[in-house]
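To start, the structure under review is shown below, and the notes come after it.
Naming follows writing order (A, B and C), and every chain is counted from residue 1.
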Amino acid sequence: MALTRRTFALSTAAAALLPRAASAATKFPGVTDTEIRIGSTGPLSGPAASWSTVNKVVRALFESVNAAGGVNGRQLKLILLDDGYSPPRTVEQTRKLVEVEQVSFVTAQIGSAPGLAARRYLNDAKVPQLFACSGADAWIDEIRTYPWSLGWAPLYSDEGRAAGKWIAANKPGAKVAILYQNDEAGRGYLRGLKEGLGAASPGLLRAESYESTDPSVDSQIVSLQSTGADVLALSCNPKTSVQAIRKSQDTWRPQMFMNSSMTSVAQVLTPAGLERAKGALSFAFAKDPTSPAWANDPGVRDFNAMMDKFGAGLPHDALAALGASLGATVVQLVRQCGNDLSRENLVKQTMAIDLDVPMLLPGVRIHTTPQNRHPVRELRAQRFDGTSWTLVAQK
Amino acid sequence: MTITSSIHPDARVLAPAAPARGGSAALALPALLILAGAAATFLFSGYQLLLAANIVAYAIAILGLNLLAGYNGQISLGHGAFLAIGGYATAILMSRFGVPYWLAVPLCGLVTMVVGFLVAIPALRLEMLYLALATFALAVAVPQLAKNKLVSGWTGGVDGLSLPRIRPWSALGLDVDQTVYVYTLLVAIVAFALVVNLLRGRVGRALEAIRDHPVAAETMAIDVRFFKTAAFGVSAFLTGTAGGLGAIATAFVSPDSYAFFLSITLMVGAVVGGFRSVYGALFGGAFIVLMPNYAERLSQGAPWAIYGACTILVMLVMPSGLAGLVRAAIDRWRTRAR
Amino acid sequence: MNEFIHQLSTGLVLGCVYASLALALVMIHQTTGLVNFAQGEMAMASTYLAWTLVAHGMPYWPAFALTVALSFVAGMGIERVLIRRFDGAPAHAVIIVMIGLMILIDGLVGWIFGYDVRTVDSPFEKTAWLAAGPLSAHEAGIGLVTLLLMALVFAFFRFTRLGLAMRAAALTPLSSRLVGINVGLMLALGWGIAAAIGAVSGMLTAPIVYLDPNMMLNVIIYAFAGALLGGITNPWGAVVGGLAIGVAENLAGAYLVGTDLKLVFVLAVIVAVLTIRPQGLFGRRLVTRV
């Protein structure tokens, strides 16, 4: 009995390490006449698992496109592997995608650290790393060193900058406080906020951080309140946003600025209290599928229909909107490449995308050029009126 | 039927250190493993070599944990901290100071060893349960330390740190992946040889005596404080070195690479592989790296539940882990052969 | 000064969260001599059970009662089926099993329910008259429940025969058996009651920290620190410890080390307590004769 168990264990271990039979050799890696294989990694398990909504919605979108006949006759096959938000594992899985699963390119990798960890390998192997789900500055700052890699969404620092500039222009003399999550997103937002505020006086009075595992941020809110600030910027995850909104609007009631991931009406504002969130400002790029403002919007309706059919069980939140928009960009890219689905052409075509994505806010358009490769950089200011977000004309 | 089957399986460890095997037979197993490891260099490529390198690196880390927790009874749920220190030290030495990797890894082992000695000082006073508790808290605190503003200039803060490229040993015809793997293998051979040697003699018996009967050990003039501190130091050295090797294989370190769950994963690997066995560390490393791949096929999102279930099952059914299973199989084969 | 008071009050509220879980830890320690690493996850699982019941239409307080009852049974079951088997095993075995249990429960809940964060309504929202000063109704409610729990646990151990029997079973199992105490049942009861306390703790905590599989992960560290600081042999010591940790964490984060070193601070507290005064402030030192 023990021998059988041991043999089993050894043979399965060997099977894990031996190479899979390679798929039929084709002109372009990962591409056949009927299919294009696209890889992705995300935290399907572990504490960060809620972020994987993005990958899953991309997959749902691909499935809906496939059901309608695919792109240029080819089915889009997303191969999604779990990295548990651990960079060493991301590198392993990325290599598996390229060397074992033989994908054409990798897309929508979740997380800054995971994506940056995989970046060097993908560039060395000349595999496109397109539309990484991370707003770290590195995706734009280091694009010349790593030309095969591309981000997608506006940078975290972009959002902070937009908030800072708005405050400097529209609220002179504002006293600003910020609560931020102690990770790339929060730190990036803080950096941008400082830049945007520039020489505005008195500017940023105090910055408090929190860990995503902290039970409560009441203490930080109390500290920020004591500075006498009248503007509170928040770069938080949804759960902490609810806590922060509740606590800060209790006795303090500063003008709130929210980052794009905490604007969901259903997920954040309703639990926090719609009345409390009234008047808050945010800089966003995608439509909130649960906001009444977009209830009759054709793009949102299509999105909901797609989700109901192909993404059952997934939440209709900001991450889903992000996933749908990102997926649409991939579809357009593949379409643009036509029959030249070489990796070089894929990268070349990313410099020539001109696309209106239904789930992005009006005025936010994807327009890339060789000098400006980053797909989405625009943000729209919007204000919460107690029921939904309304766009504000930017000054 | 052998006598030992009626005694609790762990009673076996109270027996003299290693069963006296014939001279050449004692070298057979290590030689076989080394040959297999070396062959892997040319049988595998790319992704598989990365997995293999990670397996070997984790094996070294678990060896360190086994030494401390298995042989010496000082349960540590915070060994991820030593991996982090080793990984970051290597990254900083290589990227900020230009130290070549083959020097950086042993150096970071030494750095981690010093930290290990420091940790040992309060640890001496803690009995097993409370040491587990304190190291548990350490594992949770480590990522926060790596992100802290004071050191983020060195550590790269939340964005992490990229390691410089390794130059392949092209003179031997090896590419980068093979070079990393072979280097990791060489370090592992040295580490395992060191530990096996250490445990075979007086030191091994002293450590186990301290684990099983600390008071009796003390009355027999075994310097408990010295051995416990030394165990911590050597354990830290091994795990720190493993951290450095892991950092080289991934070419990147960040606070996310050393989250709290990593420490728990190491402990699970140690237990499943075989808690009081040197070779168990190899099984443990393989388990940690390969299990998630299988769990993925079962159901995405399952690895944690499976880690937990495996740990409990192993403790219930085969407390000596996979190594114990193999040893039992070998024993049975031997008695049958006689 | 106003800020200081505010920090103090939020610290006390958090402290009640830690204290309530610390009580469960004390319960297990007093009855079995173990520190249950899986206590937080068990509490979290109970909270998910309560949430499921409420989501299916059951009103809050009956769901609360049912969850506590089921958690009690589950706790007893875990002791009987799993922990009991490691009675004579080497000391490290049970620790490892508890760790395994912790990750198994975490993984299972995450697998079944997903990792999205759910908001939970407080049962005290309707009793707004509880609010006092800077404390909201829920915060005052959680404080009251914690004090009540603490009084119950203390009275249980001090004044009831069952409590005495359980303490005896933990300290001297052999002698207890000779006196006719069913040691096995005592151990199982200990785990059951601890699980029930944990369930209460989780359900009180969820409205504050919101429900997700990792909600108890950090709380358990602070609860450990509180229990150790106050004395893990002592129910009201654990509560005092929990409150102290809550306040200290807030004050340290706001004034001393900064909020990004709070966990390191707690780690330092744990190590300091264990090294300098292992029995905690109010605990009794256990001396084993050799």
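As a convention for this text, a residue touches a chain if its C-beta (ideal position, glycine included) is under 8 Å from a C-beta of that chain, and two chains touch if they have at least 3 such contacts.
These figures come from a predicted structure and were not determined experimentally.
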| item | value |
| --- | --- |
| Pair joined by the larger number of C-beta contacts - A-C, A-B | A-B |
| Most widely separated chain from chain C, with each centre as the mean of CA atoms | A |
| Computed distance of Cα centres, chain C from chain B, in Å | 32 |
| Rounded Å distance, chain A centre to chain B centre (Cα mean) | 36 |
| In chain A, residues with contacts to at least two other chains | 45-47, 49, 182, 211, 213 |
| For chain B, residues that touch 2 or more chains besides their own | 140, 144, 147, 301-304 |
| Multi-partner residues of chain C (each touching 2 or more other chains) | 107, 110, 217-218, 260, 262-263 |
| Contacting residues of chain B [partner chain A, same complex] | 40, 44-48, 50-52, 54, 140, 144, 147, 157-160, 162, 246, 249-257, 259, 261-262, 286, 289-290, 292-294, 296, 300-304, 322, 325-326, 328-329, 332-333 |
| Residues on chain C engaged by chain A in the complex (per definition of touch) | 2-3, 6-7, 10-11, 13-14, 17, 107, 110, 114-117, 119, 136, 205, 208-210, 212-215, 217-219, 222, 249-250, 253-254, 258-260, 262-263 |
| Complex contact set, residues of chain A against chain B | 2-3, 5-6, 9, 12-13, 16-19, 44-47, 49, 80-82, 84-89, 91-92, 95-96, 98-100, 111-114, 116-117, 120-121, 136, 138, 182-184, 187, 211, 213 |
| Complex contacts: residues of chain B adjacent to chain C | 8, 10, 69, 73, 75, 77, 122, 125-126, 128-130, 132-134, 136-138, 140-141, 144-145, 147-149, 215, 260, 264, 267-268, 271, 275, 299, 301-312, 315-316, 319 |
| Contact set on chain A toward chain C in their complex | 45-50, 182, 208-211, 213-216, 218-220, 222-223, 225-226, 237-239, 242-243, 250, 271, 315 |
